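Per-chain residue numbering starts at 1, and chain names A, B, C, D, E and F are given in the order in which the chains are listed.
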Amino acid sequence: MSSEFDTNLPSIRKVQSTIKDQKQVEMKLTTGDVLAGKLLWQDPSCICLRDENNQQILIWRGAIAYIKPKG
Amino acid sequence: MSSEFDTNLPSIRKVQSTIKDQKQVEMKLTTGDVLAGKLLWQDPSCICLRDENNQQILIWRGAIAYIKPKG
Amino acid sequence: MSSEFDTNLPSIRKVQSTIKDQKQVEMKLTTGDVLAGKLLWQDPSCICLRDENNQQILIWRGAIAYIKPKG
Amino acid sequence: MSSEFDTNLPSIRKVQSTIKDQKQVEMKLTTGDVLAGKLLWQDPSCICLRDENNQQILIWRGAIAYIKPKG
Amino acid sequence: MSSEFDTNLPSIRKVQSTIKDQKQVEMKLTTGDVLAGKLLWQDPSCICLRDENNQQILIWRGAIAYIKPKG
Amino acid sequence: MSSEFDTNLPSIRKVQSTIKDQKQVEMKLTTGDVLAGKLLWQDPSCICLRDENNQQILIWRGAIAYIKPKG
């Protein structure tokens, strides 16, 4: 897992602004799970989300289908 | 995630023209979801789509099965 | 997505001849979808198929299970 | 798709001997499909199988779960 | 499988602290399986978990959807 | 498929010792299949398992979810 992570990519920046603005999001996974909460941080392999039970969930990027604003 | 992105690739150009022409598309995901709307932008990792509820959905390329014109 | 695309590979050549000969094919996707039609072009990321409704479908290679002649 | 293909790998050699010996095999795909027939050739992206209807099926390596002898 | 493994990545460090602190976790796999237990070690390809039957399970990173604290 | 294969990785060594010790294992695949038997060999692309019908099954690493001791 290279740590090559181009923070200029629009998709990285969009996730970063979602983190900064503490927006509520829904994340659909390839398993069919839908996780709701706030994004805490991202790196080349994973995104960390705090869910509505205040639990930190470490999500593999390879399992993410999409992220959208909640509601 | 390298930012290596060959904008000469026919598939990148086809998505780019779909963005430019603001065509309505259907995007089938590997989850079975079908997202409908207009493509806003693309980068090496993701494609951003504005759906029919005017929400911006950040979609991982690895979860895309196909894109086709709507209707 | 590198544009590294070895056109000498037997699989690339087989798709290319299918395109040239305008053969009718069936394409099974990892979603379970079966798309039928003619292949129009290919690049390192995608294959474009014209389906039986004359629609151009941009298919991600990562979502392709197999291609076989139709019928 | 690099054409890097180490023909010394045991797995490549095993497929190659299956091709040479024209053994009947079963190939389980990640879609759940089970394809039966004889392997014709392989390259870094795909394996080509002639099924029991004498059709040549071009199978993406990424969609293969396993190959085993038929019966 | 390169052994490139950036131990400075937040996601690697988070798994490492989970290992060190012997926290009980739930791991959701892309198969839908949920494995519960303690993480023993990680490397670029896999994570090893001791489950509640005291069995060591070698899990492929490509099959992990997410990890979260148990309960 | 590069033949880059770091035999010092804990996960490679764990599979190697399972092979050497001829341990009975269960292998869960992303298809949901559970294969039981003994591991014969591994390479960067595949793992070969002898199942309970004494058949050699060539399994793609990309389709493996986890391996655990049988029973």
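Just so it is clear, a residue touches a chain if its C-beta (ideal position, glycine included) is under 8 Å from a C-beta of that chain, and two chains touch if they have at least 3 such contacts.
Worth saying up front: this structure is predicted, and the values here are computed from it rather than measured.
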Path length in steps (a step moves to a chain that is touched) from subunit A to subunit F: 2
Graph separation of subunit B and subunit E (steps between touching chains): 2
Intersection of the contact lists for subunit B and subunit D: C
Subunit A onto subunit B, rotation angle from CA fit, given as a multiple of 5 degrees: 60
Farthest chain relative to subunit E (centres taken as mean CA coordinates): C
Farthest chain relative to subunit D (centres taken as mean CA coordinates): A
Interface residue identity across copies subunit D, subunit F - same or different by half: different
Distance from the mean Cα position of subunit C to that of subunit A, given in whole angstrom: 32
Whole-Å gap separating subunit A and subunit E, where each centre is the average of the chain's CA atoms: 18
Separation of mean Cα positions, subunit E and subunit C [Å, integer]: 37
Subunit A: positions in contact with at least two other chains: 29-30, 32, 44, 62
Successive chains around the closed ring, taking subunit E as origin and subunit F next: E, F, D, C, B, A
Subunit F-touching residues of subunit D, taken from the complex the two chains share: 4-6, 8-12, 14-15, 28-30, 32, 44, 61-62, 64-69
Subunit D to subunit C touching residues, read off their complex: 1-3, 29-33, 35, 41, 43-46, 48, 51, 55-60, 62-63
